[in-house]
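These are the structures, in structure tokens.
Presented sequentially are two complexes of subunit A, the first with subunit B as partner and the second with subunit C.
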Partner chain A sequence: MNIAKQITRRVWWLPLVMSAGVLNAAPSDEAWSVWNEAAIDQHVIPRYQTLAEQSAAMQSAVAGYCKAPDADSLSGARDAYVEAMLAWQGIQHVNFGTVLYLMRDSAMQFWPDRKNVGRRQLRAALSYSGGAYDEEYFRDASISVKGFPALESLLFDEAIADKREKFPRYCELMTAIAGNIAQMTDSIAVQWDDARSQYTDAGHNTFFEEPADASAQILKSLVEPLEVLRDTKILRALDESAAESNWKRSESWRSGISVANLSANVAALEALYQGTKPLSVKGLLEAQDQTALAVAISDQFAQIRAHLKTIAEPQAGPLSEAQWQDLNALAGQIRDLNEQLDEAMLALGINLGFNSRDGD
Partner chain B sequence: MRRALPVTFALTSFLSAPLFAAGPAVDEVLEHYGDIALAGYEDSLFTAQALDKAIDALLAKPDETTLQAAKEAWTAARVPYQQTEAYRFGNAIVDDWEGKVNAWPLDEGLIDYVDGDWYGEESEENPAYTANVIANPVLMLGNEEIDASEITPALLESLHELDGVEANVATGYHAIEFLLWGQDLNGTEKGAGERPATDFSLDNCTGGNCDRRRDYLKAASELLISDLEEMVANWQDDGAARQALAEQGETGGLATIFTGLGSLSYGELAGERTKLGLMLHDPEEEHDCFSDNTHFSHFYDALGIRNVYNGEYSRVDGSKLEGPSLSDLVAANDADVDARIRAELDATQAAMQAMVDAAAEGDTFDVLIASGNRDGNQLVQNAVDALVAQTKGFEEAMVTLNVDEVSIEGSDSLDNPDAVAQ
Partner chain C sequence: MTEINRRRFLGILTALPLAPYCATATAAAAAAEAPRLASAVSSDDGVHSLLIRRADGQTLFQHPLPARAHQVLVDAPRQRLVVVSRRPGYSLEVIDYRELKALKRIAVTEGGSFYGHAELSADGRYLMTTEASAADDEGRVVFRDVEDDYRVVREIRSGGVGPHELRRFGDTLIVANGGIRTEGREKTNLDTMQPSLVRLDIASGEIRETHRFDETFHQASIRHIDLTPDGAVLVAMQYEGTPRPDTPLAAIQRPGEAMTTLPIPAGVHAQLRQYCGSACVDSSGRYGAISAPRGNQMMFWDLQEARYLGQCMVLDGCGLARGQAAGEFYASSGVGRVYRLKAQTQARERIDKTPSLHWDNHMVNLA
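Entry: the complex of A and B
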């Protein structure tokens, strides 16, 4: 029985007794309004802009490789992929707003692929004879060929030169997917111009009755991704022992940045927790007389960040016992942080409602 | 250490009892909830026993008639089982067990021959992707050698989730489904799997290794029966599932019920089993991908949710259970909320019925989710939207009954269906 699966499925109750007394003393509407604006303007929008810029650069670099394929242009394209992917990792946690339009949140990255669908559909896409890989093509295409994992699988194929020979449309498809990512991320960023006021004017518009309702949606993106980090990104690859582990079940083993992804995720969540001004989640907690908890969460972020710096990217395949223990300990630290943040949400009077991230 | 989130059930016992204005006693609601579970698992067992008899008849005289009868028995067995899925999330004893009987999706190349062009030769994630137990008395997986010379229920249990890979499904309804139907090679076109009856013939064997295929089918059928017997026992009066439910007290018990209803509605049925298929446009992404019975599996899943909320269940013998329900409890506290949820549940059944009707015309789930089939896609999207709406209804009911501190399993892309649909 796969333990990671069991953990993902396990439904649990929040320990509401611990903070039942503070629910009435939640932050004011004014405080939430200020924080909403800070989170959107200082965290969400700039990160999507960075992602759009890096994706555009990636598109050029991939096109450059395809125009003049050699070792330099290949490593340039791969480096650009890594930069764009890490920019995505820096905003992947956001599960609201313009990224949801046209199912783009799913199209950016279909992963994990439990049934090898991506490989099969990518093979079909390479043999596609119905015309250009254009906007029309991507509109009806499967999410598995639209985003980062499909591009990674083509660009980081060890036998990329042979594959270009074998599949005449290899480079065309690769460039088109990079272009699709660039197009999606550009739209996500641009459309925030209109979407912004849904959040910054929450309580005074038709989208949110109260400022705190918008805050709750933003805060879901702070708390819930920790479960994905732990269960899907780490424990799924670890399984129950080093012998049963397989780093090929990690998020970006082909490009060798699965650990770097985790670092980018943790840094992003830390920034959302304490990086906004004049109000941050940490500051709001302190204002609720929860300084000890607020500081403990900061410390936990710092410890996880420091731990991640010491972890080298494992090779694809089974982990060593030491690697397994180390990553398992990291998962434990993330679990603790998750529990602290759950407690923080109760202290702030925020009910996150449905766990929106993982199904079965 | 790796059981990351030890369930804090203990804490719930400190909570005050739910604040109810009126309605049936909570312990009676919980009792009736258990009674419906028992009836559902008993019906699942009876229909699995009927399936086993049909499999015996198929093996005694493998022809298209006996194969068709076995398929019909399998389809009938799905009717009560799917209705029990509302018990899965929330009741740990069910959730820890259900993978043995209804795990999905599966890499069927573990079990039997597959079409290489369609299925592919290898998977990055699964070393046993094409292990083919039926063809190989000895399995070589990496450096490991597995003795599969005798195909027994115990062997299948040991192969299940082999290498920690969830897609290595060796047992349960879907393994049997694959053996009866074979791969559906029609893609997103009409038609299901077309395994010939001679795949089970000792005299006129097709597909090779018919003796081992027969052993596999019989072993999987026996295992399904013993697994269902275990769950029937759990829901008897003093069974472990009833005890676990009782230990949670009134608030915890109600939260368990809602967790089951909400998690199945939202993350599992709307998300994993429906929306994901729609976004992948992939015929393998359907729950019953060999038999093309997905429309009914979804229909009865949704019906099971409504059964639990309304406190009713129609047994396979035609008799009916009715009793104190969540609906009664919610209605006594806020009649509007209850009326809204009942309407939402009915709307979901209507959306599911539309998929059943389409399937009757040959437009099964895999056809509906095809890339470019805009009308079909919309029909499936309607079911997703209805399920998401009823989940929000359950959330409201939890607030009404003061049991809202429950986490419900969800899925990406379901948070904001309006935006997704743009």
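Entry: the complex of A and C
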């Protein structure tokens, strides 16, 4: 069944949600069902499809470079990496569904790598003498060599030509990791065909007792990543002062897209907040008589987006005082957005979890 | 009926167990159907309390606590509960669950802190708690004399860093040493942690058995345990290292034997986020359940055969308590729900839903 048909099928009750009769009560089961379907069909699945396409393109570009290594093919491969990584940044916030199968969520991007596991594992992989880097190899390999960070450190190595000389299997491994990413992202996208109904039929299956339970899982992906953006992607690189900062602790310093990653993340969360039809989180809030909050959240997204446009990617190493202050201010804006969205969840009667967030 | 009135009303009922009128008989019958569950809970606005509530959703007693709490220990002969504050915890709350009133608050000794769990000696005389010591990194088991106003009378070494849950079997104390050194709630030794499951002789404090996993899995924090009637330990773990598909998250250890992992299907394991919450053995001793709140799963095993039976989804579910029947468990969740679960079929029946009640990690059945 196509998406348009599914929406039409449900659209009859829409006036019920919007009517004054349901103001100030939590959204109805029907409203959550429609929103779940919209979020999965318009946000989650298309973004995984884009990721799969960009990853396939990246695999070809990396293979192309390895077949005929020159400046053009290298920049083509690097550009393709950036496109695929940004597609991943556009769906990285989703922490439910098929990305969890076979621990792909960790395998796609093992980061931050606080103990430099990746570096050790990558060295071991380069001197591996046990046969092809095939499916079996990746099944048993450390998650630190399966995804984007491993590929980035090979592909964006400044001395890539020397490294190819030094390590005979350099290109073979690089192509294989790109292929592994392409294979994982393809499976993530395809397996949503089966996983979809867990969310869209929530309340009528053995997974979720009520439509709002599935909504809560999806909404975790709207709210919880903001803490990761602030603490892990920004403040970890900033440390306590400009002198102690180091942009090498940012997410994609080698490829120079750590700030672009943040922009992709914020755009994705904004789309999940207000981009789905016929219902969005924003619309559900407005229907709860929370228009001021709903609009304030939209404005905050817009301000963060505008601020990000003015931030140039810093060089690896310590930040200038001005850069530090600017990124610190950005982290503050993200914290404010996080608080607003927490408030929104309360208004919508959504509990994101207690034991799962802070247990012993 | 308001909470207070209901509490008084029930107080009267329990004071007159043989009262010969219909209302009492009806209430007693209802009581038989819906056991009392006790747990630490938190509210939306961050107020922490001890809750005693019938499985069908009737609150009997709710008592505010100074901080978030963890285990609720039952002292059945005295009809008391000991509520242990969460690590780093600074107080114990003693509750009379017959009279439904708070009896006493016990502060931790200077320089120490509670790790969240407690157990009683065989004769019920001594309360034993896992605690941190100001002197060194190794954990302690601290003994308090229940008959002497919970005065500290003894202290032994737990056999490892960061002891968490403890259970007594005969004259042996079994301690899950999580292995994690903490400052506040920050973990400071994840690279070098060495968790262990230890069987101690209570009388001498000597270690009889120490169980660890292979060095590959030294970051599997052994935290929560329960016992079968023959002294086997069901172990629930939290993995602190780089995620991988074969990390030990559930295990069994029989007296005198090595600790061995319990099977978890790969597809389920991948969803658990390397984290299990509570371990619980059923009333028959044959079935075990372990909760995985980050993966929203409750898993079941036939412990006799070490065979995985299946799982069911419980959102944010963590607390587990045994039911009356073989394979029956009660499960609580941080999103305000209580379920009756069946290990053999993995059937899930929701029996309570109050979204504002966040049931904390552990729950106990007072019957």
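Here is the rule we go by: the second predicted complex is superposed on the first by the 329 of 360 C-alpha atoms of A that agree within 3 Å, B and C clash if a C-alpha of one lies under 4 Å from a C-alpha of the other, contacts with A are read in each partner's own complex, and residues count from 1 in each chain.
Simple rule for what comes next: a contact is a pair of C-beta atoms (placed from the backbone, for glycine too) under 8 Å apart; a residue touches a chain by one contact, two chains touch by 3 or more.
Please read these numbers as outputs of a predicted model, since none were measured by experiment.
Student: Is the number of subunit A residues in contact higher for subunit B or for subunit C?
Tutor: Result: the larger residue contact count on subunit A belongs to B.
Student: Touching A:Ser144 in the superposition: subunit B (first), subunit C (second), both, neither?
Tutor: In the superposed model, A:Ser144 contacts both subunit B and subunit C.
Student: Could you tell me if A:Val117 is touching subunit B, subunit C, both of them or neither one (first, second, both, neither)?
Tutor: In the superposition, A:Val117 contacts both subunit B and subunit C.
Student: Counting only touches as set out at the top, which of subunit B and subunit C does A:Asn351 meet: first, second, both, neither?
Tutor: both
Student: In the overlay, answer first, second, both or neither for which of subunit B and subunit C A:Lys277 touches.
Tutor: Neither: A:Lys277 stays clear of subunit B and subunit C.
Student: Regarding the shared-chain residue A:Leu100, is it in contact with subunit B (first), subunit C (second), both, or neither?
Tutor: both
Student: Quick check on the superposed pair: does A:Ala216 touch subunit B, subunit C, both, or neither? Answer first, second, both or neither.
Tutor: second
Student: Quick one: is A:Thr206 in contact with subunit B, with subunit C, with both, or with neither? Answer first, second, both or neither.
Tutor: After superposing on A, A:Thr206 lies in contact with subunit C but is clear of subunit B.
Student: Taking the two structures together, which residues of subunit A meet both subunit B and subunit C?
Tutor: Residues 100-103, 106, 110, 115, 117, 142-144, 351, 353-357, 359-360 of subunit A touch both subunit B and subunit C.
Student: Within their complex, state which residues of subunit A touch subunit B.
Tutor: These residues of subunit A touch subunit B: 1-3, 5-7, 9-17, 95-96, 100-103, 105-107, 110, 113-117, 119-121, 123, 140-144, 220, 230-231, 235, 238-240, 244, 246, 248-249, 328, 331-332, 335, 351-360.
Student: Going by the contact rule at the top, pick out the subunit B residues touching subunit A in the complex.
Tutor: Residue list for subunit B touching subunit A: 1-5, 7-9, 11-12, 14-15, 89-90, 92, 95-96, 99, 105, 107, 119-120, 123-126, 129, 161, 163-167, 252, 255, 259, 262-263, 266-268, 271-272, 279-282, 284-285, 371-372, 391, 395, 404-416, 419-420, 422.
Student: Contact residues on subunit C for subunit A in the complex?
Tutor: Against subunit A, subunit C makes touches at 42, 44, 70, 86-87, 116, 164, 191, 223, 242-245, 266-267, 270-271, 275, 277, 293-294, 296, 312-313, 315-318, 333-336, 350, 355, 358-361.
Student: Mind pulling up the subunit A residues that touch subunit C in the complex?
Tutor: For this pair, the touching residues of subunit A are 100-103, 106, 110, 115, 117, 142-144, 206-209, 213, 216-217, 346, 349, 351, 353-357, 359-360.
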